[in-house]
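Next come two complexes, and both contain subunit A; in the first it sits with subunit B, in the second with subunit C.
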Partner chain A sequence: MALTDSVRSSMTTATQHSQTATRAPARRRALRQALPYLLSLPALLVCIGILIPFFTAVYYSMMRFRLNLPMLKGFIWFDNYISFLSDGAFWNTLSISLIYAFVTVTGELILGLGIALLLVRPTRLNNAVSIMLLLPLMTAPALAALMWKLMTNPNFGILSYLVSLLGFENFKWASDPSTALLTVVLVDIWVYTPFIMILLLAGLRSLPKQPFEAAALDGVPRSFVFFRITLPMLMPYIITATLFRLLDSIQQFDIIYSMTQGGPGDRLMVFQVQSYLEFFQYTNVGRSAALLIVLWAITYALSNLFIKHWLKLRERAHGPA
Partner chain B sequence: MYEKGRDLAAAFVRKQVSRRELIQRASQLGLSVAATSFFVNQAMSQAMAADFDWQKHKGTNLKLLLNKHPYADAMIANLDTFKSMTGMNVSYDIFPEDVYFDKVTAALSSGSSEYDAFMTGAYMTWTYGPAGWIEDLNEYIQDSDLTNPNYNWDDVLPGLRASTAWNGVPGGELGSADAKQWCIPWGYELNNVSYNKPMFDKVGVKPPKNLPEMVETAAKLTKDLGGPYGVGVRGSRSWATIHPGFLSGYSNYGQRDFSVSDGKLKAAMNTKESKAYHELWVKMIQESGPKNWSTYTWYQVGTDLGAGASAMIFDADILGYFMNGGDNKEKGNIHYAPFAANPAASAPTPNVWIWSLALSSFSGQKEAAWYFMQWASSVEHDLFGARKMDFVNPVRASVWKDEEFRNRIDKSYPGYLEQHDVSAPGAKIYFTAQPLFFDLTTQWAETLQKMVAKEVPVDEGLDQLAASVDKQLKDAGLGG
Partner chain C sequence: MNQISTFERIVRGLLIALVLLFFLFPIFWILLMSFQTNEQILRIPPSLFFEPTLQNYVALLTGRLQTAAGNLDIAFMRNLGNSLLLSTSSVLLALALGVPAAYAFARYKFRLGESIAFTLLSFRFAPPLLVLLPLSLFFRQLHLTDTYIGLIWVYQLICLPLILWIVRGYFEDISPDIEHAYRISGHGWWKTFRKIAIPLARPGIAAAGLLAFIFAWNNFIFALILASASKQPVTVGALAFVTASGIQYGQIAAAIVLSVTPTLLLALYAQRYLVEGLSLGAVKG
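Let's turn to the complex of A and B:
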């Protein structure tokens, strides 16, 4: 009996050991299977954090929803979007936003590339200058706009004084519809050119030396080197910088709002300013959301275009991924 | 001495001692002006507390949302009086005006109960009221259990009481019998002329009495002064460009923003008379306004006058008041004059901006918040602000009669009392109350900018504006 008990007991212990032994690998296996999901969980949460406000905006954009006219609240599907088609103010907003983005990014690219080329040799002076040139980028754009507002004041602004020496006595900067766009573009270029410059400078300094050495040995003209060697090799950097700036620029708010609130008239009424006014001043939630969704669609289309182009360039340089 | 000083102040508050006697006896007691003021203020608070249970909400914590403004400064300077009288604790967030109303909209639209009461303008209540974000204060004012018997609501200037009450019907008359009192007037500004006396003397002109005269005077000042421009008015792309001088003059010509028929609104800014008024206004800015007029808010209009960059402004009287003090270059040189834009008008009809206090519907302690609001708009606090701080313009008739306040203003602000006294009877909000106020008035400012920039002729611009306004009213179910 005692023997039987002892055998049973040892058998039970053995079974327990064997169960523990089989449970541990099972747990490890489950953990291994869940690991990819666990690792991507933070990204998933961030994604949800982005998607919830996005879909809320989409929902509101399909509503007739003014906070101060609650009795009119209701679902109207795409009426807000359809009303844009016949709305001159919307087309004005669209064209101003695109012109602003195109002009600022072009200006910043040309200047940024020029400065980067001047500073490409990593001397002490060049390094110091490139750091100093970053200072405007560290200024808050709204603050930069206010600074420029003072500098362009026709009564005491330094820039007004300087242009008066050139014969432009009554230059009204942002107050005049014919020069308002130029003024805000100048501020944008002043603030953001260093961003492009620093990206392109990093790109230029990382280019392989051999093609340039070979070109120098062959006595190839500098313009040929720039257009046929430097520029093509730098193109991925240019596209990256352009993409970042274009997306930012088309969503411009602080510089324009601080300087002119979208005026004079409707001359600088870009998407973000219009949308901000629609929500915070007119409490028209539906229209404000619809404007932002249109802006998102434009931004999305532009980013896709640029990313595809960038991938093509990369493929050409390194072969298919 | 402490006891005697307190008794003397109490006797003064009970009107048993005249002001002259108070000053004489205080000096005999060796009391400084500051100490006497302290005793008087304390005695007033005690008198205020005598017939009402101010301690009912003792221990409650209130939170306010405030705009950075001299009215808020005066309240904060006197806040300990309220705290000691009620046993309540009051905290506040204070924001500059540029972002203030965004903060209010964000807090209220989200249904946040963080703030119990907040500063607002009357126009804003045309949004907040219909949205259900603020309380009708009639229910509190008329409840004798909730309101101090000495509150004396009727003492608040009638134009201001009416301007802050609306029945919620688009186009409904302000202050009508069925109107809801959306906020309590706290301090206000009316629009008249503030001018630089030495500059006027130098050129040999007198303050203009009407708009055609203003156009001429401003042009002469611009030409003869050789630097400063003639007249400062607002011009930014905002509703705030329309409400001060522009609408004050516009209403003086008998013009309205909308006509109301069968409960439907129709744009009225393209009448023949309105077009003539706009022509004059646009001409004045083109000839004698600031070069960068289209970026001008109240801030630039005021600081230009204070810095001697402009010779006069047609804007808020209190803007001229503040430019005559502080560190301003032209301190002491600013004078004031009443202004009726229409040569045929018998008196000015200034449109007003009223800083007011509103009670949030989301507050969890509305009664306690109302206690604060009635203290902050009481005669006692109004007097404190008017006498000791820069709480101009006070909203109570009794404060405007106060000798100490009048003497202080008269001494340092020549013409200020006169311009106020002449204009106050006609001072009220001249806009038609309706929910699209901000959209449509901003569009009006936008059109004005286009006219001044000569992008569109005045008559064509106004016709386009009226057509656009009518369409928006119709879309919102407010127009015919």
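Let's turn to the complex of A and C:
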């Protein structure tokens, strides 16, 4: 890099000499040094405008701030956070968010890995199937939830009908507290399993062939090959896909909001739905912001882990950057 | 691995059929519903055979909905237009901002460069509401609530990181030697960037643009919080429509079909690129 740079600068200065003034090269060099900043500045500026609300949110989270009671507005340090500790609604939110993230990602991982293994040979049929599986992933999650809402309608929903054939009369899906979680998890799995499948399929197909050929020659049993060769070699992909999905899943809003708006009762009050309602229904800005900061802390820790793993993968795919 | 018994072949075939059934049936079923009258939808047991009707689509296209309570105006076509406008202009803006930045990150090692790149990436992972709720208060003060510009600006949170990281990967894969050769023959930086770098990275730029379009189109939460009724895209509009029309199931199904068709067609068209795009270029097949 340094070498090519010096070559390049000597080239430009050479052409410059033949042309005109002595001050021009210095200005050119300054311009060249500023170039990367100039190129990335517009993108950065657009995003800085978006960073300001972030700091505002941190500030709000330490305030008593209700839109309907403006005269009570005041700085209260960490009282919003402290009040969470003794607040059942907060613990409900935390636990349902964690359960939701854990159940969806586990389900998607198992299904996604299974399907990827099923489709690993690049035959024409398998490729066509893996393309078809992109469709749920490319459906807007909010609209996917509406689709499933129509299919689970108690009066005419095809799934309600099928389940009643199996002997579950009056299966209420999302409107029953005991099956609401199951229903939204199902939608999440429908939308996002293809994501994990695609990443793992790409991973599986990029694995070196030799260990598998050697194992086949030696007649090693398949379960051994799977657990001792395939799985360990695939692990970086699995970890990346899992972290990626965990980050999204713990913040899930679209599916749950479109399906039940957090209900029935407070059954599905995950972080973002709860803080949305705190803000718009109870106009309690301070509490809503504090909830989001707690969520942000969780995702920040996860995303650092994610970026580390993802960079490793990226390096492997591109060669060291 | 080469010899596959007939039994295994059958089991694999069955499993693949099950997978396809689970993942494609909902789309198929909603498509069927969109061609049914309410009476046909409410019939039990549900049937695959019925006389298809276009009345749901006609109602949506003309914007008049006949209900038992009388006529209802629906703004669904407007939502569709909003989605198109918002997604297209967001992607174009993100390309204009993101491609030069991606080039800078790929070609120059500069201080702040990596940290800027990571700041942009980390937007992808922050809870959107954290930024949206304060923004909703600002938007009211700045009178941006009822504008497309405000939304297009905020949509950069979705589009920019995607474009930046995918296109950066493409630039990194192109050897800088070609650009050097072109510059040595006396061409300026800008011309090199325009005539050499961009054309070579075009597949990556196209992939990133398509994917950004799909994500912008599918976004729900940004517009739910920031868009006024007349600026809402289909994702928010469809939910409002469900609440308003109540039991017009056929029209709801037709609205969903119209809303998802553009992204699904784009996805099928661009499937080669999606794998890379989805992993932000981490996995190269």
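Everything that follows uses one rule, which is that the second predicted complex is superposed on the first by the 251 of 321 C-alpha atoms of A that agree within 3 Å, B and C clash if a C-alpha of one lies under 4 Å from a C-alpha of the other, contacts with A are read in each partner's own complex, and residues count from 1 in each chain.
What we mean here is this: a residue touches a chain if its C-beta (ideal position, glycine included) is under 8 Å from a C-beta of that chain, and two chains touch if they have at least 3 such contacts.
Small disclaimer: the values here were computed from a predicted structure and weren't measured.
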If we overlay the two complexes on their shared chain A, which of subunit B and subunit C does A:47 touch? Say first, second, both or neither.
second
Contacts for A:155 in the overlay, against subunit B (first) and subunit C (second): which applies, first, second, both or neither?
both
So, A:95: does it touch subunit B (first), subunit C (second), both, or neither?
neither
I'd like to know which partner A:136 touches here: subunit B for first, subunit C for second, both or neither.
second
After superposition on the shared chain, which partner residues are touched by A:289: those of subunit B (first), subunit C (second), both, or neither?
second
Now for A:212: first (subunit B), second (subunit C), both, or neither, which partner does it touch?
second
Once the shared chain is lined up, is A:262 touching subunit B (first), subunit C (second), both, or neither of them?
first
Does subunit B (first) or subunit C (second) touch A:172, or do both, or does neither?
first
If you tally the residues of subunit A touched by each partner, is the higher count for subunit B or for subunit C?
C
Residues of subunit A contacting subunit B in one complex and subunit C in the other
149, 153, 155-156
Mind pulling up the subunit C residues that touch subunit A in the complex?
1-2, 12, 15-16, 19-20, 22-24, 26-27, 29-30, 33, 41-46, 96-98, 100-101, 103-105, 107-110, 112-113, 116, 118-123, 125-135, 137-138, 153-154, 156-157, 160, 164, 169, 172-173, 176, 180, 183-184, 186, 189, 214, 217-221, 224-225, 234-236, 238-239, 242, 249, 252-253, 256, 259-260, 263-264, 266-268, 271, 274-275, 278-285
Within their complex, subunit B touches subunit A through residues 101-102, 105-106, 109, 126-128, 130-132, 236-239, 290-295, 304, 309, 435-436, 438-439, 442, 446-447, 449-450, 453, 455, 476-477
The residues of subunit A that touch subunit B in their complex are 66-70, 72, 149, 152-156, 170, 172-177, 259-266, 277, 280-284
Seen from subunit A, its contact residues with subunit C in the complex are 1, 4, 7-8, 11, 15, 32, 35-37, 39-40, 42-44, 46-47, 49-50, 53-54, 56-57, 60, 115, 118-119, 125-126, 129, 131-144, 146-151, 153, 155-156, 158, 161, 190, 193-195, 198-199, 202-203, 205-206, 212, 216, 237, 240, 247, 251, 253-254, 257-258, 271-272, 275-276, 279, 285, 288-289, 292-293, 295-296, 299-300, 302-303, 306-307, 310, 313-314, 317-318, 321
